[in-house]
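Below, subunit A partners subunit B and then partners subunit C, in two separate complexes.
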Partner chain A sequence: MNGRFLSRCLAAPPALGLLVLILLATPVHADSSGALTAEAERLEQRLRDSPRRLPEDHELVVHLRELVCVLDEKRCGGLRLYVLRSPQANAFMLPNGAMALFTGLMLRTVEEAELAFVIAHEIGHYAERHSEERWTTLHRTGNLLNLVAFAAGATGEYQAGAIAEFGIVAALFAYSRDQEREADRFAVERMTAAGYPLRAGAELFAGLLAEERARPTAIPTLFATHPPTRERVRTLERLAASAPEIAVPRDGSRWRSLRARHLEAWLDDELGRRSRADSLVLLERLERSGDPPEILRPRRAEILRRSGKPEDLAEAARLLEALVEEGQASARAWRLLGQVAKARGDQAKAREAFRRYLELEPEAPDRALIEWEMQ
Partner chain B sequence: MSLHRSLGGFVFAIVALAFATGCAPSYVVADRPFRVLGADVVSPVDWSVLSRAPIWILSRDGPSLNLILIADGLGKGREVLSGMWRFERQGGATVRSALGLLDLPELFADALGAEGFVGVEVFGPPQPSRWKGRRAVRFELRMADEEGLRYRALAVASLDDRGRLGYLLYLAAEEFFYDRDLPAVESFLAALRD
Partner chain C sequence: MPWRGEWFGPLAAVLAFGLVAGCATTAPRVAEDAKGAKLGANAEIVLLAPDVLVYELPTSGVPVLRRDWTEQALRNIERALGAELKRRGARFRVALRPPEDDQDRARQYWLLNRRLAETLVDPNLRLPHKRGKLDWTVGPGVRILDPDARYALFMLVRDSYSSDARKAMMIAGLFLGVNVPLGQQFVYVHLIDLEDGSVVWTNRLLSMGGDLRSPGPADEVVRKVLNKAPL
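Now for the complex of A and B:
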């Protein structure tokens, strides 16, 4: 907790990085299977107890478990699934059969088939025992994490605490290209058997790749465990093109309705990443994929508004005014329009937009503040 | 020597060095005036001063149980919070241009989220308030840390005519600590109001 304070006092933050390197290089003994099992169980316990866990939507969790069984009936009894609320687009599997799915990934999987691809891919790594091959490194670093926390910032995300630990766990399973190909093949096989269209995997990876490219930093943070590459997208596209037509495609409407319940919350989490360029790419892709514009466009406008640049404020106003013209402006959109107009110095328009907001939301918790702003 | 023992030595060395380099805390003594941001605060209880300007950090029982952060004049690009919870590679939430009072509750929610708090939410109605003679907003937040410990926070935040942020943020474990020290926090807010 006091890492920043201490490093500031020392005035030598690089010392922490050096310490991390030294400790990473420290040989650790007793990598027995018992110790490894214990470590996996410790991490699973952290998943189980994490305040980020999403237990309140029982139906969603049940549906995901059913999905696991649809994809691998033989192994599903031995697999446990944990959903973590985090905007990171990631998933990982511990060698003991505990799978973690981040809500940031579920936000990006509009179609059930896309989510099925990710889950099948994870099961593929488990089935082929890829994660065990990385386990010695994880075991050694896991000890380190308890003490020096996450100074290494292996995920490149700003997240702190246990979510960073999970992120690092995920990043440590940075599989080789051959292993990724193997897991992709496994996923393709399972998707075909379950009746999911194969193009889903390629589409998901293409979307993730577009986000990666939009990021101003070179640090790969999205789906860090399985970085999407052009080669993988092409391979999956080729497989999808040559796959036989599915006679009765699996119905994914249930996933769409379950995801819709959380869409606004997960989008707000995405805005909390404060990563403008790739968030805009994502929101545009989600709109093309059929997510409701009345939910997505105010978030796009919000991202633009936050820059404060005149051209971004103008674009934010344009997006919101289009919603108004289409009769789809929510209370949130009117409030935002008021803020945009105020930032552009148009007080009359701001007052009118705030007035419409309060009309639509008479019990708005920020009413007193809005009325103050209107004065 | 085990890994744990060598790390124990390292931590001890850091603490010793921290004190040797002048990081030992000073104190707000109960019922005696304490000068912060040009105002004399008289708190009914003692506080340790962990850090001074640009962001003052005070605590009674340690940063994991209760904290008061006080700052003023934080301009564009400056981090809203101190970052003391975070081993960051990317920065936390920063003061940006074109901020308005309506943005401030969300800005603090973002900033606390970036520090690693989970499920940060503004609860209850944000209220108009005053901070150093300016219009301000007063609001409360709820959150948990990664271990599941519940926290509550109270903030009064304001922007000056150049869009620079000033605020007092009180953050404490929800159980017992938050309510216990709220009256003391109000004494800070009263002193910093005008």
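Now for the complex of A and C:
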């Protein structure tokens, strides 16, 4: 037994004892809730300042604010809504009642009921004070990790410390899954009360799950801070199946017409993500859900064209030519067809497609470029 | 993936700042004007509201934003900036409050200054094609911040101080060879030429000391970070 080990052993009990005393004497910070409020207010100011935020009187913001009140009349007066133009499929709520909704999510919610599910889910997090719980958990976990580190330091077993940390981190996320389930339950209740079909939640999640699976870098399940989507889909499907028939379903036509007006812009944002597999999965799903093929297919073709691979170019040409045959080809489709044909070495077809493009769009800003391409 | 309370990210960023080890280091970068002239001599400066956040580091190590400490630090920094410029004999004007109205163009330029600062301090956002050269501009519209001054000075401060319990824990840790990191201070400053919006000088200071909550040390921190400023 060497001297260093001995001195560690002698120092360990008082040092650990001291640490336990310190940790017992300090309150967990969530209880002094001012800190969490300060952080939330800072983040809300960032939302307010965001260049991506849609103005208060924007038709989408106005409609979504109404939707929040339909879902939770009691709380809607105290909630502040921020709609951000961003291709992310995201929504979140700060513990002070500020809610952020991203247009990337709205692109994916074809029916108002799907969007209502997400909003109700977020109100659920707020109503159940989940942020406060997470805040407490975060501090408790930090303190626990210190104990582990000290214990590991005392025995010289640093590796043991690292392994224990892993276990605690996993436990933190498992806790969070319970919160997601709670928020889902809240959403189901509010949806039913408002007259929205429950299968909407399951359908949205099934769609998101398909996108997630297509993504090249999937996040391992262990680190997901929300329940595995497959499990959520199943739970929601079960709930929907056992739910009573809705007497007067809510009319979602206003959402459909609003969404149709912004669809092309949101799709272009999605293309701006420069992602391939998951974007293709999304566009195919939207077409199955009834979004117009003449809007979706040129964008699918554009994603395929980017790779430049012969098989992708062939598929892009097939999509675009189908539109031409159906008489649905837009100026954008013709332009793209020209580019695809050129990339495939078919000069005659490219020239013809470009000619049709300029015919439909005589004032095209890229006219000079296209004319040069035609030579 | 979808919706969850996304307010842990910024906390993680503050933690990441804390990982950058070391005592006080400054890293000034200067750009010359088109004729290679010495900048700033005798020019009037407008002081923009600094963006300051001061956190408490409790035993858990999760930073907690302290509004009271932030207010104290902000007051001390504003005062120290004025004192330092006066000491150098520089002419300056104070525009220390960011305008509230978010449609206000002056506020938009304040936000743009902050975004620029955040971009310049984040190593992940370093643009390779700049090749380390200080070659940034917010555009000539920045003139709106002041009709007469030549330069605008902007400061970004992220600071954290350990709670007493954490300090005690650090001492306990010494006996066991366990390292308990304490608070860290990060101060960044840049000068914008209001003629064309270009960034003419930046500096940053990473340290463990200089308590900004009290006036004396705050003066010292401000003097240190402005030490080589071309004013």
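Please note the rule applied: the second predicted complex is superposed on the first by the 290 of 375 C-alpha atoms of A that agree within 3 Å, B and C clash if a C-alpha of one lies under 4 Å from a C-alpha of the other, contacts with A are read in each partner's own complex, and residues count from 1 in each chain.
Definition applied: contacts are C-beta pairs under 8 Å (C-beta built on N, C-alpha and C of every residue); 3 or more make two chains touch, one makes a residue touch a chain.
Since the model is a prediction, treat every value here as computed from it, not as a measurement.
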Which of subunit B and subunit C A:Gly34 touches, first, second, both or neither: second
First (subunit B), second (subunit C), both or neither touched by A:Ser279: neither
First (subunit B), second (subunit C), both or neither touched by A:Ala89: second
Subunit B versus subunit C as contact partner of A:His125, first or second or both or neither: second
Touching partner for A:Asp49 - first (subunit B), second (subunit C), both, neither: both
Touching partner for A:Thr235 - first (subunit B), second (subunit C), both, neither: neither
Touching both subunit C and subunit B, counted on subunit A across the two superposed complexes: 11, 19, 23, 26, 28, 49, 143, 149-150, 153, 219
Residue numbers on subunit A that touch subunit B, as the complex places them: 1-6, 9-11, 16, 19, 23, 26, 28, 49-52, 85, 143-144, 147-151, 153, 156-164, 219, 272, 274, 305-308, 313, 335, 339, 342-343, 365-370, 372-373
Subunit C residues within the subunit A interface of the complex: 1-8, 10-11, 53, 56, 58-62, 64-67, 102, 111, 163, 165, 168-169, 172-173, 175-178, 180
For the subunit A and subunit C complex, residues of the former touching the latter: 8, 11-12, 14-15, 18-19, 22-23, 25-26, 28-29, 34-35, 38-40, 42-43, 48-49, 89-95, 105, 118, 121-122, 125, 130-131, 134, 138-143, 145-146, 149-150, 153-154, 176, 180, 208, 212, 219, 224-226, 229
Of all residues in subunit B, those that touch subunit A in their complex: 3-4, 7, 10, 14-15, 17-18, 21-23, 50-51, 63-64, 82-93, 96-103, 105, 110, 113-116, 118-119, 124-128, 135, 137, 144-148
